[in-house]
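Letters A, B, C and D mark the chains as written, and numbering starts fresh at 1 in each.
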Amino acid sequence: MATNSSLPEKKILEGLKNGKIRAYELENFLSRAQAVRVRAEFIEKEFSEAGIPAIKSGSLEPEKARGNIENMIGSVQVPLGIAGPLEIKGSFFRGRALIPLATTEGALVASVNRGCSALNKSGGVKARIVKTGQTRAPLMKAESPEAAASLIRFLQENYGAVKKIAEQESRFLKLKGIEPFVYDSLIWLRMSADTGDAMGMNMISIAAQNVCIYLEGKVSGIRYLSVSGNLCVDKKPSSITLREGRGRHVVAGALLKGDVVRDVLKSTPEDMENLNIYKNIIGSSIAGSYGLNSHFANVVAAVYLATGQDMAHVVEGSHGVTWMERQGNSLKVSVSMPAIQVGTVGGGTRLPAQQECISLIGIRKSGNPGENASQLAEVVASGVLAGEISLLAAHSSRQLVDAHRRLNR
Amino acid sequence: MATNSSLPEKKILEGLKNGKIRAYELENFLSRAQAVRVRAEFIEKEFSEAGIPAIKSGSLEPEKARGNIENMIGSVQVPLGIAGPLEIKGSFFRGRALIPLATTEGALVASVNRGCSALNKSGGVKARIVKTGQTRAPLMKAESPEAAASLIRFLQENYGAVKKIAEQESRFLKLKGIEPFVYDSLIWLRMSADTGDAMGMNMISIAAQNVCIYLEGKVSGIRYLSVSGNLCVDKKPSSITLREGRGRHVVAGALLKGDVVRDVLKSTPEDMENLNIYKNIIGSSIAGSYGLNSHFANVVAAVYLATGQDMAHVVEGSHGVTWMERQGNSLKVSVSMPAIQVGTVGGGTRLPAQQECISLIGIRKSGNPGENASQLAEVVASGVLAGEISLLAAHSSRQLVDAHRRLNR
Amino acid sequence: MATNSSLPEKKILEGLKNGKIRAYELENFLSRAQAVRVRAEFIEKEFSEAGIPAIKSGSLEPEKARGNIENMIGSVQVPLGIAGPLEIKGSFFRGRALIPLATTEGALVASVNRGCSALNKSGGVKARIVKTGQTRAPLMKAESPEAAASLIRFLQENYGAVKKIAEQESRFLKLKGIEPFVYDSLIWLRMSADTGDAMGMNMISIAAQNVCIYLEGKVSGIRYLSVSGNLCVDKKPSSITLREGRGRHVVAGALLKGDVVRDVLKSTPEDMENLNIYKNIIGSSIAGSYGLNSHFANVVAAVYLATGQDMAHVVEGSHGVTWMERQGNSLKVSVSMPAIQVGTVGGGTRLPAQQECISLIGIRKSGNPGENASQLAEVVASGVLAGEISLLAAHSSRQLVDAHRRLNR
Amino acid sequence: MATNSSLPEKKILEGLKNGKIRAYELENFLSRAQAVRVRAEFIEKEFSEAGIPAIKSGSLEPEKARGNIENMIGSVQVPLGIAGPLEIKGSFFRGRALIPLATTEGALVASVNRGCSALNKSGGVKARIVKTGQTRAPLMKAESPEAAASLIRFLQENYGAVKKIAEQESRFLKLKGIEPFVYDSLIWLRMSADTGDAMGMNMISIAAQNVCIYLEGKVSGIRYLSVSGNLCVDKKPSSITLREGRGRHVVAGALLKGDVVRDVLKSTPEDMENLNIYKNIIGSSIAGSYGLNSHFANVVAAVYLATGQDMAHVVEGSHGVTWMERQGNSLKVSVSMPAIQVGTVGGGTRLPAQQECISLIGIRKSGNPGENASQLAEVVASGVLAGEISLLAAHSSRQLVDAHRRLNR
């Protein structure tokens, strides 16, 4: 059905009912706001007995979510709490960060907040970014071993040209390297690139596709199969992510004073050191887990949701290691998070409440591409550290179940 | 500071500023609604330059989120789109399911919708639950090998008594088994239980703690260390989850007609079969990934967010296998999802918009504990199947990057 | 060519040369000893310039290796060294065990011997078997979800009958359980069984095949595909083996005195505790390794080769955890080895030198099926422990490279 | 006790008995041959009831095993069979390879031989080496984040100097790269190097130690902890080995004719293709296995044992992927083996029978360092391919259990 913005609403509702218009076509006839409203009403009548007032009454203007969703009928509201401010001395973020957490799990915000308090009383968190690079691994197929060998050779000899192709559609994308993996006739080209302040998956997907089409034209006997061959590894748990990382690899650590461990966290350095090894290191290893931690994912999910990140990247955010080790009377604690994938521009960060959350944190706007996202990544890791020490302390002293009983009802 | 609801707001703001009152203590002096408002205003002034109108103006009443969050300052709105309805013949859900998706990733809803269309035109989805059981693995420590052996023996000989202890605090929890794992002096007791229509982590944590305290009293030389020893494996990727599952293990499949693959998905059965094996099976295996699929996590995250599930459980939801295999001219497709952890009661499902989303889906209320959550789990898996076939088709024919370029801007 | 033992050797050599007789058919015409000799001579002439005197002159009588090899041309000699005796207090082995090691890696025997010395001076090793059961996971395919469900149900309801089928061909096999795993239409039945003093893979393969053929006849819509579906997991590394084990799961531990660590191992308890965590636990975890240890495989390979075990089972033997933890001035050390697969009867244990090695160890012959193999398993684990402490001590004090430089030339 | 070669044997035996001389000190007083004989007799008397004639009578001259073993008492004989010759078109090996297999598992040689026959009738095997490099990952510790950053920077800026250090002790070692991994304060430096015709672990260990001592002197705040931090990953299963490989990564493939599959292997291309996917790919993936194959380890172990390789490297040899895919009426088959670690010089390759086995294979001596080992690696992979197709065919048609019943008794 052709676009015709003058069609009256009544006719449109009729069309929806008799199937001549599909719900997702409404934007062809109506303004975005109207389309969402009409669609919501149609859906409400057809599928809901009790109505969908909360979905419809959300304060998010449909126009603002253009580019973020199709077939929109309204919005979902998630309660937002805050932890901190947390003192952070990062390579990029320096100062006191407020940590916005959107979650429905009672006790989580309180727990992170307690962790922040313990960290602040011990002098704050040191955070640094040890590696950067968003990754994509397109898949190619060779018709013969010789063709596969040619491809690898071509890549080595023409890396400059390939890099140019990769970077042609965005001034922010900087290719860092391409590692080829060969199995039988299949070749994965695992590409890594910095992508400025954007999370960067779209950027690098475009780059990967351009590179592959280019290579297909240059090396005979090679076919480009897919922009992703699952060695990226996007939104799936993987050993490659634990070790090689993607997005930003951040380490955040602190030296907890012994009396802070006792007074604030209600545990002891010894109990926490031991439990961390037994549970987070050995337990996770026996489980074949890439998350050698207590609950990275909880804090990652809450901050990602608050700041408009891609929620499926919680998967990668759950990878990494929590480390605790006594030093004299103190407890050295740290989290090593190999795959924090955040942006301060693009995607859900454009939405109003999400943008407000980013600004609440206290990120100082930088004009150097990537520095804003790097600040955010350091705050995420620092917040995760707060969550780790608080939960592990609770576990080490049996506080956990009781806290949930109390707060989660 | 003691509760004193008569304190005037002005005094409270003063207290917040001079640090005599902590932000999280406001509920001690004010009604929940007032506390959230005052806290938001204080935070806005202290930490925000541009203000936080969107956070403050969310339509979610603070009182409704009691039990879901602490230190609340407002809410975050996430756009909600719909896919389907999708025809599902499940063991529990039977009928046409509307699939609510809360996401900020442009093109996702459209992609799932396309998948639904292809599935409907091929006769719909068959879904079944092959295993159930929420899991927790508390950790104990034995002072000697003999003590460890005694614990294992006691468990075997007194399973009935242990089961009674586990089930004493909830009429919904039904213990299904306890598997012990021994390394050196550490003993993990991996417990599995059905938890009715609740996602069940709190329920089983309470049960686990009760069981361990009981065992500690019964077997000498055994110390209870933690309610979780990371063999659960909660909110972390793990091999144990891929194989043993947790929550509900659901298989959803369909037989896509050849012409539907061509006309709706713009690919061919052969291309999809091949790419699925190269990418989702071999690529993922080489990556050491537990997600032998394209993007389970995307759809899982969007439905979980819409329906009020725990967003950190997206991690487990990313585990599993997508399978595609030609049968004559058709393409047999399925997803095996070992760890769908959803509830229709408790947690975020109590919030208004989230509750509306659950009811939009078309779940027929059942009085048999667990049947509502089982319906929801089957819908999640069916929606994931729609997402898998649509994305893999796009990958197999190079549509993906273009779709993102078009819709995501 | 039909069997004809009267054919003269000359004619046979002629037949070999002109291709009318195949090398592997020689046993049809000649005694085993003659066949091996003739074959060796033929091969020597055809393929060797320098001759194969060492292969031919091995003292192993061909007749004794019947059932162990086909197409035999002689034998390979591997040097045999000894470590120990090592004091072991096991659940089955009690006394001083001599540890035979067949290896070509210089420094290995000396290193294990040093470990034995340190253990003996600290009171010896405590070993215990925490789990037993050889495993096989045959694969079946269901033509429909209903058929798969029927199979699972049938198994649950007829376990007694299935157990009888499994045990019908051997009086030593005792079925311990069957765990089904379902993905799409594929069903793995992971069976576990005790197999007496035999390593047991043949025994359980026969049992698995019988069970599957039986099930195929009883449940309609089910097809038996293969006696192994790779969830066994035989001779391949796997997470399932680390956690669930196969064969015998043995824990061997000791309390090393501080001065023994210093005087014999030239290290300190602190250095060893730390390096064990950094290297064996964290390093291995980041590597996605199932071997959280230093070099289980070295000692396992050397003892297996000496005692006639299946050398491909070194793979499973490499799985497991080495643990070190200070207790006062001492160092608690242990190895948890989930998959020691050894026999004292069958396979290579029947060969003369191998049998002598088993008897050298000091196993006290038991008439209770399985107790001899259990003793051997405890000795393997204890020897591995000796190897772990010695190598880790060397690593922790930089002795390793020097030892290899000295001994390995 | 000081060296004193004139001590009479009788006195020495006395010293052994009263503990004044240790068994391992005998070489201090006697020739190697004498020492072995005296030690064997002492051990026989002390520990054996039935005697150890087979161990003592082995034809291996003790002098020849100097450098391979300590505390030697004799040798173990393993029966040697042959498979092939197999037609191989490799990047290095070209011609017909005889495959020597030392094993005690009945049916294995026959099975590999059948595989060779099927491959020869289909035109032989194509083999190529896609990557080379032995690996070592020494571990360092930084006293501060800044020190860790300095180390990484120093490495990048002084790679040339570091390479020189690495290569200073051997003219065969060529450093190919160093990849650093950072977690908290720990830094692994994963080094890769070509090592000529030697397997190379000693060579690269020396290089790694030299590099680390050098770096310790150059970068302040850095301590060298251990020559191995378990990211190498030596003799332990690991995801890093499956993906990155070590030693030589070899792909060997062939196109099996349909009638050969039927007549020689008694299966069909369709059955084999399907079972390979169900069992070797999906089954292994669900098991969390790095061996997506049937039994690489069996053939690897048998060839390694025959040719004097390090038997603990069977662990790495078990990693990799078997691939089968119909092409018209034929079946494309291949093995991708990322970690074949073999040498033609050094270690056990120096022993007489082992050297004869290497020469039997038909390797054409090359003066270019590495080419001899590369030939051997291609033969290993080709033999493994023969083993894979034969076993999978047996599995796909239920021949396996019967073959073992027949041959293994």
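Here is the rule we go by: a residue touches a chain if its C-beta (ideal position, glycine included) is under 8 Å from a C-beta of that chain, and two chains touch if they have at least 3 such contacts.
Everything numeric in this text was worked out from a predicted model, so none of it was measured.
Touch-path distance (fewest steps) from chain A to chain C is 1.
The interface with the greater count of contacting C-beta pairs, when B-D is set against B-C, is B-C. Taking each chain's centre as the mean of its C-alpha atoms, chain C lies 16 Å from chain D.
Separating the centre of chain B from that of chain C, both taken as means of CA atoms, is a distance of 41 Å.
Chain centres here are Cα means. That of chain B falls 44 Å from that of chain D.
Counting partner chains per residue, chain B has residues 181, 183, 239-240, 243, 282, 284, 286-288, 290, 321, 323 touching two or more of them. If you check the complex, the residues on chain C that touch chain A are 239, 242-243, 277, 281-282, 284-288, 290, 292, 321, 323.
If you check the complex, the residues on chain B that touch chain A are 23-24, 43, 47-55, 57-60, 62, 65, 67-83, 85, 98, 101-110, 113, 137, 139, 141, 181, 183, 186, 188, 202, 205-206, 209, 224-231, 233-240, 275, 278-280, 282-284, 286-291, 293-298, 300-302, 305-306, 308, 310-312, 314-315, 318-319, 347-348, 351-357, 359-360, 362, 395-396, 398, 400-401, 404-405, 407-409. Those residues of chain D that touch chain A in the shared complex are 126, 128, 130-131, 145, 148-149, 181-184, 239-240, 243, 249, 251, 253, 288, 321, 323, 334, 336.
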